[in-house]
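My structure is below; once you've seen it, I'll send some questions.
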Amino acid sequence: MRNIYVEFPNERPLDKQDVELVERKGIGHPDSICDGLAEGVSRALSQEYVKRFGHILHHNTDQVELVGGRSTPEWGAGEIDTPMYILLSGRATTQVGDDVIPVGEIAIEAARKYLKENFRNIDVDTSVILDQKIGMGSSDLRSVFGRKGIPKANDTSFGVSFAPFSLTEQLTYEVERYMNGTMKKKVKASGEDIKVMGERYKDEIILTICNGMVSKHIKNIGDYKAIIEEMTGLVRDFVAGITDKDVRIEINTGDDIDNQSVFLTVSGTSAEMGDDGSVGRGNRANGLITPYRPMSLEATAGKNPVNHVGKLYNLLSKEIACEIACEGADQVYVRLLSQIGHPIDQPLCADVQVVGPMKLEKRAVEITDYWLENIQEMTEKCLKGKAETF
Amino acid sequence: MRNIYVEFPNERPLDKQDVELVERKGIGHPDSICDGLAEGVSRALSQEYVKRFGHILHHNTDQVELVGGRSTPEWGAGEIDTPMYILLSGRATTQVGDDVIPVGEIAIEAARKYLKENFRNIDVDTSVILDQKIGMGSSDLRSVFGRKGIPKANDTSFGVSFAPFSLTEQLTYEVERYMNGTMKKKVKASGEDIKVMGERYKDEIILTICNGMVSKHIKNIGDYKAIIEEMTGLVRDFVAGITDKDVRIEINTGDDIDNQSVFLTVSGTSAEMGDDGSVGRGNRANGLITPYRPMSLEATAGKNPVNHVGKLYNLLSKEIACEIACEGADQVYVRLLSQIGHPIDQPLCADVQVVGPMKLEKRAVEITDYWLENIQEMTEKCLKGKAETF
Amino acid sequence: MRNIYVEFPNERPLDKQDVELVERKGIGHPDSICDGLAEGVSRALSQEYVKRFGHILHHNTDQVELVGGRSTPEWGAGEIDTPMYILLSGRATTQVGDDVIPVGEIAIEAARKYLKENFRNIDVDTSVILDQKIGMGSSDLRSVFGRKGIPKANDTSFGVSFAPFSLTEQLTYEVERYMNGTMKKKVKASGEDIKVMGERYKDEIILTICNGMVSKHIKNIGDYKAIIEEMTGLVRDFVAGITDKDVRIEINTGDDIDNQSVFLTVSGTSAEMGDDGSVGRGNRANGLITPYRPMSLEATAGKNPVNHVGKLYNLLSKEIACEIACEGADQVYVRLLSQIGHPIDQPLCADVQVVGPMKLEKRAVEITDYWLENIQEMTEKCLKGKAETF
Amino acid sequence: MRNIYVEFPNERPLDKQDVELVERKGIGHPDSICDGLAEGVSRALSQEYVKRFGHILHHNTDQVELVGGRSTPEWGAGEIDTPMYILLSGRATTQVGDDVIPVGEIAIEAARKYLKENFRNIDVDTSVILDQKIGMGSSDLRSVFGRKGIPKANDTSFGVSFAPFSLTEQLTYEVERYMNGTMKKKVKASGEDIKVMGERYKDEIILTICNGMVSKHIKNIGDYKAIIEEMTGLVRDFVAGITDKDVRIEINTGDDIDNQSVFLTVSGTSAEMGDDGSVGRGNRANGLITPYRPMSLEATAGKNPVNHVGKLYNLLSKEIACEIACEGADQVYVRLLSQIGHPIDQPLCADVQVVGPMKLEKRAVEITDYWLENIQEMTEKCLKGKAETF
């Protein structure tokens, strides 16, 4: 009934091939800002629905458009001239009987909170215009949410993931997490807009990093150079903790130091000076963009975690792939395809491709079955903000 | 050169006539909110221009549109369902040479500050969407601001005012100031959206007051009734301090107590539930709407205080009328008409109509001349926030 | 029951006084554009409501904000660089039972139609962004519209008007109508943004006219000068058909011909290059702005013509004043004050001030009573687009 | 210098594997509408830049957000209640010296034109609100466009494609093209919002099609059923012209015919009733979404075709893959990776994976080299609207 297929294609896993390419847009990239806002709004709505009605109601807030502003960064200073404009849209249930749910207010509040918590150099009060056009959901869809039992799939759609990360993927992912994490305490001048591009040709790995630097914390071009060098050293040390291999680290190599044309920002994100963003154009649910791996184009962030298979199947396939990989597979690709109107635990097809020992077949089936059986655990994780969506 | 004309028309002053009618929209009325925001933005820009360039630059921010939201007030509680939407527009100088002035950011910041300082029941972070479309001013107009000497009038326009207030006018004005002032400390349930309509027929004065009440501070309909009665008593006492005459006080008489259909709000203003507002549709610069008195239609709030005669002449005529009235006139009407391109201290016509002793003519001319001579004092008052514009 | 008071104040009518001042903003002035759009939307909605339900439903669309664009006029050419942005807002009934009224679509359609019919040089498809945020009306107000009999006043408000026009007023009004009417056929280069300021000092009348000229129809500065002269001649001839008096005509005297800094536009309105507009800041319901006459600040355009006394009483007082003036009064001032919740034919006070023979008292009462009795005729006129509102 | 690598991985081509999954969002899907608008705006700007300056200037208009409206479809009728709202954003060069380019107007005009030409059931005048917030591009980027020679890459980014289409892919693609092409003439009731999901398990191919039907052309539920059956027959015949294999065709199988809950629209697209859309979330540059194939996440539509490698490399890799496939390869994957600041004909890496005879290596290198050498042909194709981007 769950239509689980396990294949063992005769392929070399990606890390045995010659070329690899992977990208991670850090949390301050305009696309990631939109993903974060979309998911934050969905989570806040879900929590409010649960509080009021005992279960999540229909919504999909996976539509956020960020229109970049204008700014004038200066050494040791800088100003936002035109605020960035953020439009929250999508659908949500605004009324149940006579009970009106303040969707607009919840969305704005959640968005402000997300920005405040994640972007220490953005003054949310004055540098951001938060607008919202969240409409009412269609009534048919709304009705299905109250029912008992496993929800029905909202659409014919698919989720895709893989495991494990290759070394290049791991480095690409971890380095952004490090730079936007513990490194931030040491280097105040590093903004949140960090893009890491990992490339491998045979044994040679290069991490090309673009980091929007925060002008008020940098005195002059000399200071800028010194900070970039400091960061390069820190990242090199961090990478050395993960691998013995020689990894080239290049930070802001597009800079033209002589002409002082460098990646300088007021707020730590290029959204302040003209870079636009939207949901679903950045990282996949596993945190990476992987042109050498299968991907789903469904935006995971912002969709309702009850019956939107575009969200749930992306998250679920990640869990399934990871667990099978833990059992000893070299490479696992998982693709889940839903059937509109059918219970979400019964996909049209759950396709698992394993590069590894054939004996894994049974475990692969068990793991896949377990997660489909318990798909509503994923809904809970989303509700609690424990599911990574970008 | 200042074309000052003083007339002594053979009229009964308004308070000797049979009928009088006057209105004041309190600071929480949607139109007044817009006036306050427009002036707040203009003041913040003016101060920034002075800080950077030593003088105010061209701007006119007398365009604010408030689109009402939706709300669900409830006894002892209540929620904003859809935030009100406020669009700041107008023109301002955004650049001088290479120096970019962060007009958008200054405007948003000033607007937030104004709302926070004046509306204790509005959560600016979540109940208001503040948007801005402030454009660049035309370059010709911008150039005149840097010049030495008396600025040239920006337009052919006029300012109008009168003095003194009749008793009905005084009561209408003072009662709103009292209710939104010292009374607020005693009656937490009184919102800022207060409209006072003063009517007099012969000796009978009625003050009809609409006050948006704040739901979270009112337990039930009985409590509501009690609070309205308390307020009626307080206003009656306040009025008794001004006049011995019998004045009828009617607060929220449009309420249908039996059906619990009363003027209840979450935030203290009807803007939360569908009442829109814009600049220039409420009080004149003297704080009143007076269909029995001459009025100017020029919005005073938000215009630049350097050469916009629509602002300066309204403010100036108020000062002139008041001073002449102090000299012993029963009624003074002042109308100032500018000539585009001429220095603002040289109106095409300064028309003063006095009901009172003919001997006042000389003082009337002197006072009018003084204020035209010192018109730039008014610019200073605006800059310091000491000019009342609505 | 209709509380009609007729007074005969001992005043000189305005045209016997020394100074007069009057202004008319032509249909292409940004404020008038907004008035026209607001009324057009209200009319379209009213007609649709009547078609569907047999009577007009609750709405007030007296909120339009126009944010000026940017343009580059050139001799014989010119372009709109940034479209003007027009936000239609206000309230309307969007649903009755299961019947959804396409308010947004009706509003946009009506707005487009109004712009297309009145502005031959505006390309509505590309030079204008028409947005709408028309909300749902409050349910209480909506319910009163279906009832039989005379509607109840929506608010405590007043309407004000006067008659007859003085010569200065007549000229101010008629000259704009002429220039935007039959003169347009002869002078293609004259845009719709025409402001006429009429001033009289004793016997001297000056009409100061600002007219946005259309660049594509003007070859060069010489051509411009010639066209202004032609227009001046045409207006002089037109005025000569109305009065024998000497009237000075000044068109675009703010121009700096030597520096080619003249009032040139692409579309015939200054809205294209930064002049903003809103409803209710321009002409009163009689088509004029009259600081020497009593005025109401209520915007007439866009309000519902069923129970909004801010609209109906302004229109009604104009009719009443005109008819009484026709009976031989030198000057008539009419002020109607409503009582919230009372039938609109029963004002709290209908105050008529007549300068003229005392014998007019009876006719004044009859005429006022007639119009109150038949106030719903005014609703019909609005519905058919026969009521002038600005 | 062009870093071309050709690999021959030991893989089964996709059509020899057990499972395949592919999707195409038709031109009326909200995401595709946004893609089409983005590309239309970019093309119009490019053409205008060429006309004025001889070459394309900097712009990226790959940001369009569509917020769905509300509608009431009815048998034989139907209305749009709330227009859909479309926000065009991105960046473009608005000024060169004194020459102002009317970017806003060009964008709105291009968007209207695109909608009019492609959606016969959308009334662009009244059912769509077209807004724009296209900002000014950053000056550094703008300067590079005027230079002679091969442009430098704007970013470190990649393009990905493959060839040939498998049968399932071909059917998925062709069926939408047929349904939105010649079938439209026979079946007026078929709207433009068509989503085709192609699934293959071993030899069994299913095409699941969702088609928004146009209510005014359908009399009742019986008529609806008959039209769906007619369409199913037509598609079956069309497919029979491509393959002998048995292909299951399912159109609107999510319908609940008994309860008349079917996919009915007024305008032929679900954007009218709440489905939002944005650029880059639908088809890749080859017209498909292929979770079993490598994909790039870069939105192709709307980017500048001069130096945006996110656009050019996606288009180029498609050409390269197709030509190599024509030489006899079973499967070709092409990935091009740029180096920021380097000429776009010199990628960091051009990785070609061929499943097929090893002798193709030389041709693969030649073809790849040729297309890199002639990358500016692709710019020309975009300019002429001959490059398919979604």
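The chains carry the letters A, B, C and D, assigned in the order they are written, with residues numbered from 1 in each.
Everything that follows uses one rule, which is that contacts are C-beta pairs under 8 Å (C-beta built on N, C-alpha and C of every residue); 3 or more make two chains touch, one makes a residue touch a chain.
Nothing here was measured: the structure is a model prediction, and the numbers come from that model.
Participant: Among the listed pairs C-D, A-B or B-C, choose the one whose interface is a repeat of A-D, with over half of the contact pairs the same by residue number.
Facilitator: Over half of the A-D contact pairs recur in B-C.
Participant: What whole-Å value do you get for the distance between chain B and chain C if each is reduced to the mean of its CA atoms?
Facilitator: Averaging C-alpha atoms per chain gives centres 24 Å apart.
Participant: Please compute the C-alpha centroid of chain C, do the same for chain D, then give the distance between them in whole Å.
Facilitator: Centre separation, chain C to chain D: 49 Å.
Participant: When the centre of a chain is set as the mean of its C-alpha atoms, what distance in Å lies between chain A and chain C?
Facilitator: Comparing mean C-alpha positions, chain C is 54 Å from chain A.
Participant: Indicate the residues of chain A shared as contacts by at least two other chains.
Facilitator: 70, 85
Participant: How would one label the connectivity among the chains shown: line, ring, star, complete, or other?
Facilitator: ring
Participant: In their shared complex, at which residues does chain C touch chain D?
Facilitator: Touching chain D: residues 69-70, 72, 79-83, 85, 94, 100-105, 108-109, 112, 125-127, 129-132 of chain C.
Participant: Would you mind writing out the residues of chain A in touch with chain D in their complex?
Facilitator: Listed in rising order, the residues are 5, 7, 9-12, 17-19, 21, 63, 65, 67-68, 70, 85, 87, 89-91, 133, 135-138, 140, 156, 158, 160, 197, 199, 201, 208, 210, 253-254, 261, 273-274, 276, 278-282, 289, 291-297, 299, 335, 337, 340-341, 348-349, 351.
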